[in-house]
Structures are given as structure tokens and as C-alpha cells.
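Read from first to last, the chains carry the letters A, B, C and D; within each, the first residue is number 1.
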Amino acid sequence: MSEARFAHAINRALDDALERDSRVLLVGEDIAKAGGVFGATRGLFDKYGRERVLDFPISENAMAGVAVGLAMGGYRPVIEIMFMDFVALAMDGIVNQAAKLHFMFGGQGDVPLVVRTQHGGGLNAGPQHSQCLEAWFAHIPGLKVVCPATLDDAYALLLASIEDPNPVIFVEHKALYAMKGALSEPAPKAELGVARIERAGSDVTIVTYGAMVHEALAAARSLAEEGVDAEVINLRTLQPWDESAVLASLSRTHRLVVAHEAVEAFGVGAEIAARMAQIGFDELDGPIMRVGAQFLPIPFARNLEKAVLPGAARIVEAVRATHG
Amino acid sequence: MSEARFAHAINRALDDALERDSRVLLVGEDIAKAGGVFGATRGLFDKYGRERVLDFPISENAMAGVAVGLAMGGYRPVIEIMFMDFVALAMDGIVNQAAKLHFMFGGQGDVPLVVRTQHGGGLNAGPQHSQCLEAWFAHIPGLKVVCPATLDDAYALLLASIEDPNPVIFVEHKALYAMKGALSEPAPKAELGVARIERAGSDVTIVTYGAMVHEALAAARSLAEEGVDAEVINLRTLQPWDESAVLASLSRTHRLVVAHEAVEAFGVGAEIAARMAQIGFDELDGPIMRVGAQFLPIPFARNLEKAVLPGAARIVEAVRATHG
Amino acid sequence: MKGGEGEGVDVTDAVARRRSDKAKLTNDAELQRHYARMLLIREAEMRCGALFAEGAIPGFIHLSNGQEAVSVGVMAALRPDDTIASTHRGHGHALAKGLGLDSFFKELMGKADGACKGRGGSMHVADLSVGMLGANGIVGGGVAIAVGSALAHKLRGGDAVAVSFFGDGALAEGVLHECFNVASLMAAPIMFACENNGWSEFSPSSAQIAFTLEKLAAAYSLEYRRVRGSDVEEVAKAAGEAIERMRSERRPCVMEFMTSRVRGHYEGDMQRYRTDQGSLVDPLDVTREALEQRGVAPEILEALAADARAEVEAAVRAAQAAPDATLQSALEGVYAPKERA
Amino acid sequence: MKGGEGEGVDVTDAVARRRSDKAKLTNDAELQRHYARMLLIREAEMRCGALFAEGAIPGFIHLSNGQEAVSVGVMAALRPDDTIASTHRGHGHALAKGLGLDSFFKELMGKADGACKGRGGSMHVADLSVGMLGANGIVGGGVAIAVGSALAHKLRGGDAVAVSFFGDGALAEGVLHECFNVASLMAAPIMFACENNGWSEFSPSSAQIAFTLEKLAAAYSLEYRRVRGSDVEEVAKAAGEAIERMRSERRPCVMEFMTSRVRGHYEGDMQRYRTDQGSLVDPLDVTREALEQRGVAPEILEALAADARAEVEAAVRAAQAAPDATLQSALEGVYAPKERA
């Protein structure tokens, strides 16, 4: 166990991946000497040099496509799209090329490529620097989508993503980088597609991921005071997501809340809820409630952003509503 | 009433819009002299000239951004993104700019912009020319999303989209262009956000949109032979979608199937299902079933594409499963 | 050489001297006005920096310190019906184009009647009523919007023009190249105005851009001019000439303003990577020295500075006292209502 | 001038004549090989067209008729460890790079052991084992992939190179410009190979592209060469020289092959918009005439054509008899299994 920050966990995973596998490359804007806007790649350029840690110009679509070419050429590029909002410029490389090549070429080649990016609010970065767009990628066959909540997950899931032979969208939360926490020793391991019960409970299942895991745990604590025992499931991987873990929990609690920071409408939570309304229907004792950002671009002003982004209080309300 | 093809209905709407409102412009690749790959803009260049119907080079992102500038400058551009797969190149203009400007600038300006594009399979166009990506846009506050199924809808909803002061993603289905049908006289009118019951029924609600409406109606006919009376709701607009119409139907039938051609996972149907699992929970007598493309890129081969894309048969099965 | 209306052909030395004095006076007055605007931008932005440091302004704040002469010089050649689209570093453009100081500070503080009702903040300051189509959080994001605006000007007739500001780092974004092509094809009256401050965030642009803008412009056969961006008179003259040509000839042009990013990329940037501090040229110094050399009294210059400080101080106070943005307004503001159309 | 090994310094006329005869013979043999490959591509594509017309091949089919000399000439200079990324019009590139005719036809007919197991079809023919990284349905979509592949070559060491094929219409896509910059910055060993057939789908590229590739290359200080794309020898020579330079100098270059799109944009295109039929140059005519002029007997040329027909016929028959792709395989083929990594 060592005390560290979330950004260190990311940095450590990249460091270990670069160390272990000479095919791993980092590519991104200002990630080399500058160490990345959030410091996630700090020190790695000095340690591994210009052939392993590559600065890229402000050309997001080319970056994605170049990474596909590198991946097909036997490398394992980890690219950084500085803000998730900027993936809007890289969708062709990610969705039309990376996601489809293995399938479309009949399995001839793999595209072991990780797109690190960060989403979310909390820094008053405004409408073009705060979006949570993971649902876009979860909808695309051929992509995997990962979203860590803790330091151990950040470390272990990032390594697992880099080791995966498929393109993985790895979504960090900008407000988590500075979060302190424990990083296990020996280094933790993880498998993509496996959720974790962060808190066991018997009255309601709260399914969530990323930064909202912490809100859900806070909600669970305050619900405990009301005598409601909430189970909190951290999905960790959104595509593929751990359907059986969620169903198993629902079969114990019979009530379901799905929470994330992304806009509620057409978000990742819709799929979880819809799926449980099908395969878990007989287990349900109350409506499935969702918690997500309200339906507007993330506004800049402190009070507006705060009001729009969901937190523990809204999760508590939602849990109550599953009984309503 | 006149017999026409779906593409004619689109063409007629564009023609009438150009005729009525001098601010309306068409912009796209090969839409002017060539009349568009699917012939939707045929004749309009000759009729309205080069200042109203503009050919654009193969620069999708610039096209979206230029359209935003035209819209802010008092025009009402209708751009054509030739295949929905190519929106991957135009996401910044659509999502980061068009969708947010009205909100982000505090309501200072409008962005009356229509993005016409076409989705779907059926032409063996392969993984990069067949995607249904409407869920991406429905998730974005500030955008509207429309998807017509009939000639009347194609005409009336397109006009309504052009008249709307907001950016609208108008999704046509490539396999529908050649479909013959009736175009009402006098010209039909429509309002965005209003669904229509295409077939009334009492046993199950099938919610769908676009080309799948026809499959749903076929499914309803064959279900009728089994004694199951299905109601078919054509959403017509996906964002905002007509929640109250769906809820009202569900309150009569107590069973729900949501069907679309897009990949089922994280598709538009997830939102409908999730929402009904919340606000319609008490009405549900069985699991909510969804029908959508299986989770793979749309394959090229005839038999594969056919197997992957959902049709009436899968809707029938899903209806049966709502009783299971 | 023929003189203008009412002027004799026999120009004596004295007359010539008087005329040149008058021109100098006019120039001085104009330069003083430019200087006053630059001071206002500088003062406003320094206050932004201070307010950010004390937590009164949140978010990402990119100051245009060092680039004020470009904002002021270009905007001097524009009319309110001309349009501009800007970048993440857009305060100077916005204020120079006519965004009110009150609206500006209220926006950055997230107030209800900020320029954008507190929804956009620093990266999205906009004032459509004066043709300022917004700062932009996406590098290159404003370029196509400006081209569209220029096309709108062209289609409408008249002689209005559009200006697209972008940084040297944005030269790497494909959309900019798409726009050079589109604007050339469609002969859109747009000035592609590059503010070359040598930096793309934390990296020198020389490590990111393999071409010169001059050569790129040549590839598109676009008129190109490189201008000392620290000299507001030179900027105003060059931009003025280019814009006048665009008003009549209705076609695009490219200008490259060589500037200095005097501060960090954004507020809070420690700039450990910086090595060019010795070579920075501050347009306010340049302009002040020019005015001093032309004999403008120090008291006048101090008075201008005091005016700027007072104006900014008043705006800051007004902003601080203003009510916060409301969620209700935001929730209702996602879509434009049908009636307005 | 010093001769090669074993050759005297005193070169008599007779020796010189014999040497040039030998060179001519070699050239003839090589040109015959080129011609044979071009015939094979033509024959294969004409069969595609026919099979499409009769419904045996579905989808969108873009034939490279008229552009075969580029495929064959460039690929003559490449090794199997060199890589190419292609376009929607990729049959010629794929076959010339070494995709087997059987795999090719099976793919276009959607058969289980087609090159891509019937999942990609004409727009996605690929054979990674011979360095053919795929046709591409997205205009400009292959360019960045090729740059990435070139970077992989460079990082790995050795002297392999990558070639990015693209059409003149693709010059409008921003990503291509991003790639020119990136490849220049990183000195990637990539040839940007433009096949300029004058058309962007149904529009003349002159209405879509405001610059010449030559000037664009100059802006990036990239070596540029324009080549008659109908002359396979000229293509092979120019590409060969450029590629040899890339093998040692490890930096990008640009080549523009002037070609003719002999058929429609895709099969089924009525081409009502076309006005340039008079100016089309067919590389097969050019090459056949060259061979005839060099005295190659008509029977030999006919034999080559017959060989191509026979090969294609056999492949078509094999493909027709082959089993259809299966859903099960497709469903299992979305993700690469962990073990392979």
C-alpha cells in the first residue's frame, strides 16, 4: 500500500507498461517533455525517450489514424486525447477504422490501441471541456470502454487495457486526478469486463462507474443512516459491462438505481436499465431509477455546473424513488 | 394524394423550403448538378441556382462548421452528409459548435441548421457505409433528431426541421429512397416531437422509427394472425421523443417492445426502455424487450447483413417474449 | 503627384510641414486611441488573472497579454457588421470588437447577465450584436464558422467581411486546411488571421508545424502578409489595406501577426518549459514608446492608464455585485424557441 | 565512365549494341510482366463489373480501370514488408500488392474464406500478410493509417517504407493535410501517392480543389514528382527512385500520378455528367503499343491476355463454388481474442 494520487496511478501504469513491453508507445499533445496537461505522463519522456513517448501536433484525427497504423505495425500505442470533447475530431479514426479493422478484415490483424482521455465537470471548464461521451463508444461494436474510479482501478485497468488486443477507450475523470488514495502493493491486477461490489447491501443496487462511485458510496452512507442498506456496484468496464454481476445483485436487492455523471438521456445508464428491465424484470420490486446530468450542455458558472451535475443527494432521492 | 418515391418526398420538401424561404440553402457533396448520390436534390440546382444549392468539397468537418457560420449569418443551411458513417468527420461542427452555441452564448443567436444524412443497411454497403448512429446525437443537449418512415413524414418532418430554429439531425434510410408510397395533398404538416400510432392495438406496444416501422407493421400483421393485437408507435422524432404517447400506449397494452435497426446495445431503444422502466413501471406486465442489430459491425456479405439486421421476425419473437 | 480636394499644386515647405504635423497629430490621436484600447484589454486581463488567482473567476483562463495590438489593430479596420470568430484566447478580440466590459466580467464570474448568462465563461465570450461570433474552446473550431459567416456576407451582397483568428498551433488542425480550400473555391471574403506567438500550449510550434504559413498561403494562391504584431499601427495599416481589398474584391486573404505570448498558456501555468522570455516584445511598451517619441506627454499616457484602470474597476465591481446565473434560465436555454425563428 | 564488374574499359560499338539489346530485352521482359499484371487487374475488374451487373456481387464497386499502371508500377518497387493503405478504389492496389485472386473474388462474393471472410467486400479488400493494409470506405481514411505504418517501419529500424494511395478528391479532407505535417515532422518514410483521375465522384476535382498538389508539397518542403500514370514504366521508374531514396533517407515524399478514370465512379454510374471521354488514356493501350513497338509478337500479347482470362475465370469459378460466410464466424470475429496478443 502506498499513498498516491490518481494521476500517479495512471503514470505508474504507463511507466510499467513501457518498461515491460517495448511495443508500448505513448502519443499525444504535450505529453512528452510537458508531461501532459494533467501530469499523467510526467517523467516518462525523460525515462523512455523520444522513440517511446511522442509529442503530436494538434491533429486529433490524424493521431487516431496514425495510432491504428502503429498498432497494425506491431506497436501498442496509447494515445491521449486531452479532453474527451476533442474526440469529436477523432471519431473517424476510432470508430470507422480502429473499431472495425479486426472484424472487417476477417480477423487478419489486431488493433491493440488505447485512447486515454478525460471527461467530466468540476473544474468549470465549460460546455466544450466537460462532456462525458462514453456512451458514443459503448454503442460501437469493436470498441471496449473502461472508466476507473479508484487508484487501484486506474492502475490495473489501464494495464489490462494496454494488454488487450483491441481498441480500448480509457476514460479518466478530470476531477479525480488530484484525488489521494491508496495504491496496493504488490501492484493490483484487473480484468476488463468485471465489475466490483464496492459496498455490499441488501436493499437496493446502485450501479455506477468513474467519479460517481464516490458519490454513490456517500449516498450509501447517508442511506444507511435512514436504515437503507445499499449495494454499490462499480462497473469499471462499460463495454463489455458485467451484466451478470448487476443481475445477481438485483436478484438480491430487487431495486435498481443507475447513476453516472454523463447526461442521463441516452447515456450509458439507459442500457443498464433497459437490459435489467428485460432480463431482470421478474426481480424488480420498483421502478428503475437513473441519475445523470440534466439535459443541457455543462454550463460554466460554478453554481450552474454544480446544480447540473448529479451527486450523492440525487442518488439518495433516486433510491427513495425505487420504493415509490 | 400522389404516388411517389421516398426520395421524391425529400426532394419536394427541399424544393418547397427553397421556394418559400430565401434563407434556405442546400450544401453538400455532389448535391448540385449531380443531384446527390441518392437523387434527393435532383433538379434543385437547375431551379434555384448556385447561390442556393452549393456543392462542397469532401470536407465534412468544414461543411458542418461553415453551416454553423451560415446559420449564425441569417441563413438556414440544409447540409447533406452523404452516409451517416461520415458524420464521424463532422462531430466537432455538429456537437461542439452547432449543438451548444445557442445555449453557450446565453441565447444570443440561433443555429437553424439541418444535417440530412442516411443510415442503415440493405445495400450491402459494408461496415463503413451502413451504420445507424442516431443515438450519438440524441445524447447531446441542443440537438434534435428526426427519422422519418413514410413519404408524408419525410416531407412534413423535413420541412418542420428546416423551420426549426435549432440544429436538427435528419436521418433518412438508404433502403427507403426507392420505396413507393403516397404523398398527401394538400401537403402534410408535422410537428417535431410528436409520435404517431401507425396501428392501434391493445395487447402490446411496439415503439419504433424509420425503416423499422414497416417491419413492425409486418410483425403486427403476423401477430394478428396469432391473435395478438399490437399497437405500433412511430416515434418520428427521437430527440425530443414523445414520452407521453409511449406511456399512454403502454398504459393500455402493458407490454413493450422497442425496435430499431441500430445496434441494440446503447442504442436509442435503451432510452425508451429505461424511461418506461421508470415512469411506466407500474404499467408493465412483462419484461421490456428490445430489437436491434446484433453487436457487430454491419458485414458486407448478403447473408451476413441479412442475418445481422433485425426484421419483422425478430419483432414477433420479442413480442412473444414480453409474455414470457 | 496630384493632391486631394482643395489642395494647391504648389506645395511650399511650410505647408508640407504643417500637413505632416497634422497627419502626425491625427496619427497621434489614433495611436492614442489604439493605446487606450490596448490598455483596457491589458488591464481587464490582468484583473482576470488576479481574480482567477483569488478564486473569483474559475475555469481555464487564457490571457492575450502580448497580443493586444493584433486585436486592436485588426478591429480598427472592421465595422460592426463585419464578423470575427475567435479562439480560446479570445478576450482581446471580444473587447476590441465591442463586447462591453461589464458583460465580460459578469460572464467570467458566472453572473446572470454576463455576455453568455454565465454559461460559457472565458472560453466562450461572444457578442453577436457586434459581430463577435465567440471565443472557442476547440482549437480550429472557429475557422469554419468564420468561413460560413464570410459566405453569408457574400451571399447577402454588400461589402461586409469576416475574420478568423487562430493560433500558430491551430495550423496542425485539418479543418483549417479544409477551410483554406473552401474559402478559396468559394471566394469567401475572409481574412485568415494567424496570431503566431510561437507556442502551442507547452510546446514550441516549431516542433509541431513543418511548414510556414507563407508557403501554405502560396499553395492556395492566397494573398499573404506577415506583420509585426507588436506594432499596432503596422497591424492596423496592413489589416486595413487587406480588408479594404476584401470589401471590393470578395476573396480570402491570409495574414500572419508575429506576436509574443507574454504570460503562460493559461493562468496557473508555471511555464517551466519556457526559454524565450528574453525575446518577448510587449506591444504596450512598443506603443507607449512610440507615443513618447512623438512627444505625447507622460501625463496623458498616465491618464489613459488611469482611465483603463477606472473602467475595469467599475466593471469588476458591477460584476461582483451582480446576481448569479440561475439554473432555471439555463434549463430553458438549451433550445431556441420556435417563435424567434 | 567506369563500367560494371568484368567489363572492359574499351567499349566497342558492337559491345554497346549488344548491351543495349540486352537492356531492351530485360526491359521487354519487365514490361511484359507489368503488362501481364495490368491485364490481370483489368480482367478481374471487368469480371467484377459483369458479376455486379448480374447480381452476383452486391454493394458499391469502384473499379480502377485506367489506373492499373499506377498500381503495378508502384508495387513493382515495393517489397512484401513494405505496406500500403488504399482507398475505396482499391482492387488494383490489392491485387498488385499480392492479394490472391481467389481470396479477392471470394471476398467480393461474400464467401467464408474471402480475404476478409466476406465481412468487408470490395471497399475493404485487405491482405495484411503482403502489407496491404486495406482498401477504405472513408475518403482520406487510409492516409493516417499509412503514416502510422511508416512510423512503425521507422521505429523498428530497417528500410521498409509505406505508401498511402489517395485520390485527387481526397485532397479536400483535412486529415490528409494533418498527415503531410505529421509525416514531415516525424520524417516518416511514406510516399503520398495521389492518383489524380480528375474526378471526385460526380464532380470534376478542379471544382473542389483550389490548389495543386505540387504547390502543397512545396509548402511542406516535400519532394514532389508528377508522373504520367498511364505509362507503367515511367511510374515504376519514378516510384522506384523515390522509394529507394526513402529507404535510405527515411523521409516522406509526394507523387502525383496523372490517370484516367475510364469507367464510372462506381458500377451503375450512368456518367451523364461526363464530358472528358475524349481525353482518357488507357494504360493498357499505352503498354500494348509500347510492347508492339518493341517488336513483341502479337501472339505473345494475346497469350498474356489469355492467361489473365484463364486465371480470372478459375478464380471466379472457385469463388462461385465456395461456401458462404457464416454468421457464427462473424459474431465471434468482432474482438481479437486475448491469446493472440
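The working rule: contacts are C-beta pairs under 8 Å (C-beta built on N, C-alpha and C of every residue); 3 or more make two chains touch, one makes a residue touch a chain.
Keep in mind the model is a prediction, meaning the values are calculated, not measured.
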item: Chain pair with more C-beta contacts, B-D versus B-C; value: B-C
item: Of all other chains, the one whose Cα centre sits farthest from subunit C; value: D
item: Whole-Å separation of chain centres (CA-atom averages), subunit A against subunit B; value: 30
item: Centre-of-Cα separation between subunit D and subunit A, whole angstrom; value: 41
item: Where subunit C touches two or more other chains, by residue; value: 116, 118-120, 124, 136-138, 141, 172-175, 178, 181, 185, 207-209, 330, 333-334
item: Shared-contact residues (touching 2 or more other chains) in subunit B; value: 57, 59, 61-62, 85, 88-89, 92, 96, 103-104, 126-128, 141-142, 295-297, 299
item: Sites on subunit D touched by subunit A in the complex; value: 83, 85, 114-120, 124, 126-129, 133-134, 136-138, 141, 143-153, 155-156, 162, 174-175, 178-179, 181-182, 185-186, 330, 333-338, 340-341
item: Parts of subunit C lying in touch with subunit A, wherever the complex brings them together; value: 58-60, 110-111, 116, 118-121, 123-124, 136-141, 169-170, 172-175, 200-203, 207-209, 273, 324-325, 327, 330-331, 333-334
item: Complex contact set, residues of subunit A against subunit C; value: 29-30, 33-34, 37, 55, 57-59, 61-62, 85-86, 88-89, 123-129, 294-297, 299-304, 307-308
item: Residue numbers on subunit C that touch subunit D, as the complex places them; value: 171-178, 180-181, 184-185, 207-212, 215-216, 218-221
item: Subunit B residues touching subunit A - in the complex, by the definition given at the top; value: 61, 85, 87-89, 91-92, 95-96, 99-100, 103-104, 126-128, 133, 135-136, 138-142, 239, 258, 262-263, 265-279, 281-282, 284, 286-290, 295-297, 299
